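Look at the two complexes coming up: subunit A is in both, with subunit B in one and subunit C in the other.
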Partner chain A sequence: MNLPGEAQGWICAACGGELEMMKVGFTYMKGNFEVDLPACRNCGLVLVSEELATGKMADAERILEDK
Partner chain B sequence: MPEGMTLRSGNNQATESLCPHCLTRIPAERRLEGADVVLVKSCPEHGEFRTPVWRGQPEISGWSRPKKTVRVGTHLASQARGCPFDCGICPGHRQQSCTVLIEVTGRCNLACPYCFAAAGSPAGQDPPLAAIEQWYRIALERSGPHNIVQLSGGEATLRDDLPAVIALGRELGFPFIQLNSNGLRLAADPAYAVELKRAGLFSVFLQFDGSDDSIYRAIRGRALLAEKLTAIENCAAAGLGVVLVPTIVAGVNTEDIGAILRLALELAPGVRGVHFQPASYFGRHPGAPAAGDRFTLPDLMRAIEEQTSGLMRTEHFCPPGCEHPLCSFHGNFLRLPDGGLRSLTAAAAECATENAGTGRAVAYVARQWSAPAPASSCCPANSLDAFLENHHSNTFAVSAMAFQDVWNLDLERVQECCIHVVAPDGRMIPFCLYNLTSADGQPLHRGNAC
Partner chain C sequence: MKQDNLREWEQKCIQEEPPECTAACPIHIDARLFVKEMGRGDHEAAFKVLAKTMPFPGILGRICDHPCELKCKRGEVEAPIAIGLLERNCVERATGKVRVQLLPRRGQTIAILGGGLAGLTAAWDLLRKGFGVTIFERSHELGGSLREFPGNTLPQEIIDEELAVLDTLKADCRLGQALDATVFEDICREFDAVFIDREAVAGCNLPLKLDDAGEITIDAASGATDREGVYAGGGTRCIGAYSPINETIQGRKGSLSIERFIQKANMGAGRENDGPFQTRLFTSIAGIDPIPRVQPKDAEAGFSNEEALAEAGRCIQCECMECVKVCLYLERYQAYPKKYARQIFNNEQVIYGAAHTKNQFVNSCSTCGLCETVCPNAFNMGDLCLQARRAMNEQKFMPLSFHEFALTDMAHSNGEQFAFSHHQPGTEGSAWLYFPSCQLCATSPGEVISSYRFLQERLTGGVGVMLGCCGAPAYWAGRDDLFRETMDALRTQWEQLGSPRVITACSTCLSLFREQIPGMEAVSLWRVLEETGLPVDACAATGTTVAVADPCITRHDPETQGSVRRIAGAIGMTIEELPLSGDKPECCGYGGLMYNANPKLAKDVIDRRASTKTADPGKYYHTTVSGHDYLAYCAMCRDKLAGAGKRVSHLIELIFPTVAGGDPAARGWISWSQRRTNRARVKQELLRELGGKGEDIVEPYANILLEMTPEVSRRIDERRILEGDVRTVIDHAERSGQRLRNSASGQYRACLQSGNVTFWVDYTPADNRFQVHNAYCHRMKIVGVKK
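Moving on, here comes the complex of A and B:
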């Protein structure tokens, strides 16, 4: 996950730009994180992989949302 | 109940209970009297009984949380006498198990004046491993594997084959096996904690009533603090999460609540949290309780706030998303590097998120009560990885459960219970009902085959 090669081969659906690895900020219920993710170099649209969404991001969400 | 329980003036709620003397099922009412809720019931033969079940702030009227009623598992087919007599569990039950207790011994190496199980001497017969396997299979069949299985007793560590009991549960598919213990054997032998960890144990529910030996003398019959602290040290070294479990007895350790929490925070992250249990009057206890003997959940929340000088506050605690609102509260905190605490509960949409019931509670408890990962410096402080590591190691859980005895028994609460004991005859019975005894010590279910 989050390897430089992860951005390769993707084209932004919104503007057609190429993706590259960027530091992306997330904010959720007073929690702030930075994650290196593929994002469009033109418009900044971010690609969140299913693995990240259902893995570590889901873990963080559960922690912040409490029992 | 009460999806969204409210209790307002002029809106007293009808429920049912038992007569403390003859165990006859009788009507009962939760009456709002000022800011208090009193359970009032009357037996034609033995008269009226009044027991405070909620005293003061936070107000009961706001104490609820939306949740889903769940009817799952294999219920018994018939209800001849109804709740609570044909328990096992019956079709009227409205919650699945989140914790299943299996009593692996009736023996104990203490003789506490307070004991829900009225556990006996170190001598005696334990159930064979084959019987325990059958109980595991019953729990698996009726509630699935995603429960906390709590091995209890008596004192479970008196069984020399406890590692085999744990390993068997893991082999059968239970991922979260917890030990309910007084900690004496864990203190006496550091290698024992390692052996239990290797067998597959994930956490220890450690009886821990106070920060002073006078409390142990009163509740447990002798000084125990040094052994408790050694047990915690040995568990932490073995990678077992420890949850401190104080039995709170009014006038004995009610002024020690803040000291228990401060000590637990000092012992974190090995100690993962504190789970308070106000004393219930079933099994072995000193006698019928007076109203002043009742330490209700709001009494406890306010004591926590007062005795921690506001480090933990009443508004940091939430009603349960699993069991009945009158049965528990919980709050989660993040330990900060400067020694302070940040409430995570208050940030969680003021407790208002709808809860999916037991599944989420089990996942939470399993995460919070297991040992923290060894510290690393893997990643930048503001990264997602660092956030996850920090929270797992530094989250501290404070919770409480108000068990019911024959005086404050409320059958509506029991019907939403998610903590079930597998009885020797294979019935799964809510914890409070399984341990309930009449005023003269007659058990409702324990020791009675169906």
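Moving on, here comes the complex of A and C:
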């Protein structure tokens, strides 16, 4: 899988490994979700971009708060 | 919320009540909508509005004597809308036909005696309701007095055309019928009920009770005669004032009574608004410019289309919306309190697993109470929202995110870094207690210290001091448990200090103390300073003009508002009054925790207040602003307005200037982090004055030194990320090595979940400091990578 533009250039500083697209689990207000995100296969470090956090994720939080 | 509680709220908001024109129209034509369609030049749509309520619109639309105009609101400005002439223009041009929606046939048959407008209306109504109808008319045509209008107003062919609908509906019209007592008795036997058009039976000697003028006596409300099943109406001509619309309404009342008589239903129930009534709708005519009523060039021909368009354009489209005009929150959700009350009720009930779709809405109101002040019925949306928030907490569906930041900030104020109380240094008792408030200490620590010194100099009996938060955030969050607990703790400390008179520099604290702590005598700092006189080094502001931005909480506190104005005057300021001041101040977006639950709305609110733009076309909400500097006397008002770029100073900055000859209105925004540091500073300063008792409280990770540009600092503050949060993330990343690295820029990116929030920081270590490039956060918790 190709990494999205925002994730390019980031590597895991803990092990030096490249990031790959992996399934990442999230939870909020009793809901569970899975999103494909860049992450380190060895250490499990995940990359949530600013765009994602302040955009789609913030919107989803809002919707879940009105549930 | 209970059903009847909902009813009470709904009853208070009269926005859905009919406008004056509709209420005054005996048959309640939706004249507002009719005129609106005419204003669009849409004759067909306007005709539909008439036809919905009006029998034979082609007839009545030409000749109605329009009592609606007497009550039209435009009449209070200059002259009422010419609704009658507009109706005529409409029906003369509309080509649409009346579509009859027939109800299922019913077995009963009704006799109509007389084919004047009253009788015809009754026939029309009853036919539509599915009854069989037979019209008995003495003359050889239907219409009665209608036939006597001049041909250019009401042509004979029009009458015939309009009445043709009776044939379509299969009315049995018996023309040239003799009507006398014997025929009448036969009719009464043959039919299930009878309606008499009094205009058509003059001299028939029907065996019914008559009045002094020889008219058949009827009950005004129902049209009932003294004989069961026989109703009558009409005959306005016989009393010398033929009124088409009154003929119509009497026919209509008769038909409704007959229907109820046949169904054996309650005759009077729900009929209060049959015929003209006084509406409860309030419509402000303030600011509406007079526009003269359009006079038709050709009086006989009535309005031309252009004239009709211009005349319809004068209509105010009456409605209330007083609260929506002054509140962006109410406007943003696109309805008005009556609708909102229902939505809030539904949000609480959540029937059949439906979503709580109004959670954010309920928590976005600033509870400022301005709506109550401007509403003709004192509808306080803030009270409604607070009530709903308490219920959300009790029923455990309040999302934490709406209030968490504010409640954490309150916990900070009531925690060891700030909370504190003591007698005046060197004394053992306090006649007074200074409660400067957590928010003022957060934004003006130096001024707070100076004011405390000043009070100690000027007042006798000892001036103790108490630092802490009054609990307002908990109150606004609907967290009564936490609010009570906070109040009780404050009260206990106050009692331990000997229940002194409390001086507070925050109007919210003042109002809560007065309401919630019986026996506590609380007074504003401004009132006290009026008594003590101002310090000699108070700023000399001679020649400046300011607009006073009253905090919303002072709306019922003219005493404090007066003190502030007098002090401003005493230091030489000229005051400009904002239209929304005194009992009508707006909120800055901090109140009710709007800023926490709905940051976007709070930002829009304060941006509007800080701008000089007043109106958005097509919107209700108009801001009231001034180009002058603002003078605030609430710490949050100052900080919010300054944050939005408005020049604003706090009164305390003028009375106790930290820099002689400075320009406090230029101070600008302040971060949440700085506000906490300032609070701690006030406490440290007071402790020092008490002889160094206590120790400096060291912030966790204080050794992690941060550097960031003002832009970054502002951005992360708007995201409500504190410097402490940033430090925690960096500390964790540096110690654990868990961080990402950008190979191009060399920057690190790391995250840490702290409480319910996950913070992300982009940074570069530089010597013994960390350069912070960005920070952001989310509340979704990362569970982890799925293997």
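FYI, the second predicted complex is superposed on the first by the 57 of 67 C-alpha atoms of A that agree within 3 Å, B and C clash if a C-alpha of one lies under 4 Å from a C-alpha of the other, contacts with A are read in each partner's own complex, and residues count from 1 in each chain.
Convention: a residue touches a chain if its C-beta (ideal position, glycine included) is under 8 Å from a C-beta of that chain, and two chains touch if they have at least 3 such contacts.
The shown structure was predicted, so the numbers you read here are calculated from the model rather than taken from an experiment.
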Contacts of A:E50 with subunit B and subunit C, given as first, second, both or neither: second
Touched partner set for A:A13, first subunit B, second subunit C, both or neither: second
Partner chain in contact with A:N42 - subunit B first, subunit C second, else both or neither: neither
First, second, both or neither for A:D59, with subunit B first and subunit C second: first
Subunit B versus subunit C as contact partner of A:F26, first or second or both or neither: both
Which partner, subunit B or subunit C, touches more subunit A residues: C
Contact residues of subunit A, present in both the subunit B and the subunit C interface: 26, 29, 32-34, 57, 60, 62, 65-67
Residues on subunit B engaged by subunit A in the complex (per definition of touch): 318, 321, 330, 332, 344-345, 347-349, 351, 353, 355, 360-361, 363-365, 367, 380, 382-385, 387-388, 391, 395
Subunit A contact footprint on subunit C (complex, rising order): 355-360, 399, 401-402, 719, 737-745, 748-749, 751, 758, 760, 774, 776-786
List of subunit A residues in touch with subunit B within their complex: 26, 29-35, 56-57, 59-60, 62-67
Subunit C contact footprint on subunit A (complex, rising order): 9-14, 19, 22-29, 32-34, 39, 41, 43-48, 50, 53-54, 57-58, 60-62, 65-67
